[in-house]
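One chain, chain A, appears in both complexes that follow, with chain B as partner in the first and chain C in the second.
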Partner chain A sequence: MNIRAELAKFLNLCFVFSSAYMFWQTYSIIADTHSPIVVVLSGSMEPAFQRGDILFLWNRNQYSKVGDIVVYEVEDKQIPIVHRVLREHHSTKNNGKQLLLTKGDNNAGNDIPLYAGKKTYLAKNTDIVGTVKGYFPQLGYVTIWVAENKYAKFALLGFLAITSLLGDE
Partner chain B sequence: MSKPVNVYSISEVSQTLNENLPDVLARLGYTETFELVDQKLLIGYSVAIVAAVSFVIDKQFVHKDIVKYQQYLVGIYCILSVIFWYFKKYVEKAVVYSGKNDTETIKVKTSYEDSKPLYTVTLIDKKKKTLVSTLEINKVFNKEGYLQSELFLEWIKQQLATLSSKRQ
Partner chain C sequence: MFSLSQRVQYIGNFSMTIGLVIIALIIGSSHFDLFQKDILRNSQAAIANIKPIVGLRTSRFYGASNGNPKENTRIAFDLNTDLSGLFNWNTKQVFVYLTAEYNNTEKGTVNEVTFWDAILPDADHAIIKLENARSKYSVWDYAGDLSGKDLQFKLHWNVQPHIGPLMYGVAQGDDVIVNIPKPESKV
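Right after this comes the complex of A and B.
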């Protein structure tokens, strides 16, 4: 066995994963958010976004406007929520804190029942992950399939590993 | 006995010839050296390690606490990636074999063109004298796709002799 050839093949595999991860990390730093790309998991924003759409976020804006589509996270819940800003209040004093009320386009009422700790507004600087600036339709279904099927993650990783180990440099 | 290859696929043929080059040159008295390969692996694995460190700290700590460190890691990753790309494109430059014997060193680059049954070999010695030769693959492969190692060895030996006479 040629150890250098095997190391070179394994390096190809490392590059597949490292380049994808570092692209995501670079975008995360540029957009100033810990999760710059999210997948829509429900139909609460139809017809604007469908389940499976990939959303690209931006979080360097100081204030969100009414009508912006934002992604926020509720305490103790891992899944972020993608809804539209219905109302906002901000102050130019006190570090420019902004409070937002959101609602899904396809929901009957606003999001107050979803907020944690009996809050009636979200705080822009702590609860908002980012504002949606672009999207790609349906590509996120791969993520949904991996999340909902426990064998799919291993199948996908195995497929990536095999193609990079068997492929030419 | 070697495996048969599809002689209508020049990429497969070229890969087979590249894989046989170390054995052929070893029989001609050359010892393979791995400086370029080792340097490429070192740079490549450095890139992978930086990405791995970034991944681990991202999992262990809250994002806003480590943004500064992630910025440094992304910067280092970009610099190392550029170095790796430069090394592959300008330093390694399609070298498939580096070796030496008692008196000289040799580097071998190979290339091919799609749809042409020609295998181009560039030999470079330590004084940077270069010889470019083209081998018609039907001279070293039979119709069943088996490499005729002795014929390939003779052809390489001939090219080395031509390079040697060029130096004098």
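Right after this comes the complex of A and C.
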């Protein structure tokens, strides 16, 4: 077994992972958000967005408009919530704050029960992760499957290990 | 000859390239279809007969705080529109929403609120003829009251594609500006 060849292959693999990570970070900087691609986790926006859909976000707008689909995270939890802006109020001063009320299309009521503390509105500049600009169906289901299925992680790693061992006979 | 992994890699790369080309064709053709139907800027809607119903609510979920009641407004309205032109092979659904814009000059804010919305899953549902329909939401102004303000109503639409970017638009029509009365005081 040629140690050099194996190390070269490993280095190649590291290049692949680090360039994927760099692409992710570049997109984060361009879109001005820490999470520019999200996977839909709940059915609250059906039939528009199904669980597993991939959404591309953009966050360089100063104000959101009513009807925009925004992603926000409730303070303690890292779960992104994808809902539509129902109402917006913003001050006429330069760089005034904007307050938003959101609601999932498929939900009966608005999101006030979801907001942290006793807030009845979201603040655009602090709470909103980004606005949905583009959509790709169902490709994100892999990440949901890995996060929710106990054995999925091992299955995925095992699959990667086997393919890398069997490659280049 | 070629190893299995080489074949798999080649097939994988080729199908991904073909897939991206097909996706680009779908997005381009559906955009062009909407563009040449001239519906992106010229969709029409007739909103009429808006009757506001103003009342007071005391729950936190209706904008009240610390026991101070909050003025809530609902409306009855007529709506006539045909948005079937927005549907093509790449349209998954169209979301329509009736909003009202107003200024709150005492608090120095510009506001927009949604009174009613609907999901249109196909072109048949896109011909809307509503008479004396009720608003879905009870609306309150965050910083003040809606009464005494002039609200300008507009109908917006949002096309959700099967793949690609989301599209938004406003339906054109006569200006509809309604002044909201004070709530009737109960004796």
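In this text, the second predicted complex is superposed on the first by the 150 of 169 C-alpha atoms of A that agree within 3 Å, B and C clash if a C-alpha of one lies under 4 Å from a C-alpha of the other, contacts with A are read in each partner's own complex, and residues count from 1 in each chain.
What we mean here is this: a residue touches a chain if its C-beta (ideal position, glycine included) is under 8 Å from a C-beta of that chain, and two chains touch if they have at least 3 such contacts.
Because the structure is predicted, anything quoted here is derived from the model rather than measured.
With both complexes placed on chain A, chain A has more residues touched by C than by the other of chain B and chain C. Judged by the touch definition given at the top, the superposed model places A:T26 against chain B, while chain C stays out of reach. In the superposition on chain A, contact of A:K93 is made with chain C only, not with chain B. Once the two complexes are laid over each other on the shared chain, residue contacts for A:L11 go to chain B alone; chain C is not touched.
Applying the stated contact rule after C-alpha superposition, one finds that A:E148 touches neither chain B nor chain C.
Residues 168 of chain A lie at the contact with chain B in one complex and at the contact with chain C in the other. Residues 11, 15, 34, 37-38, 40-41, 44-45, 47-48, 51-52, 54-55, 58, 63-64, 67, 70-71, 73-74, 77-78 of chain B are the ones that touch chain A when the two sit in their complex. Across the complex, chain C is touched by residues 47-48, 65-69, 84, 86-93, 96, 99, 105, 109-110, 112-113, 118, 120-121, 132-137, 163, 166-169 of chain A.
If you check the complex, the residues on chain C that touch chain A are 3-5, 60-61, 63, 92-93, 95, 97, 99, 104, 108-114, 117, 119, 121, 137, 139, 141-143, 156, 158, 160-166, 168. Against chain B, in their complex, chain A makes its touches with residues 4, 7-8, 11, 14-15, 17-19, 21-22, 25-26, 28-29, 34, 168.
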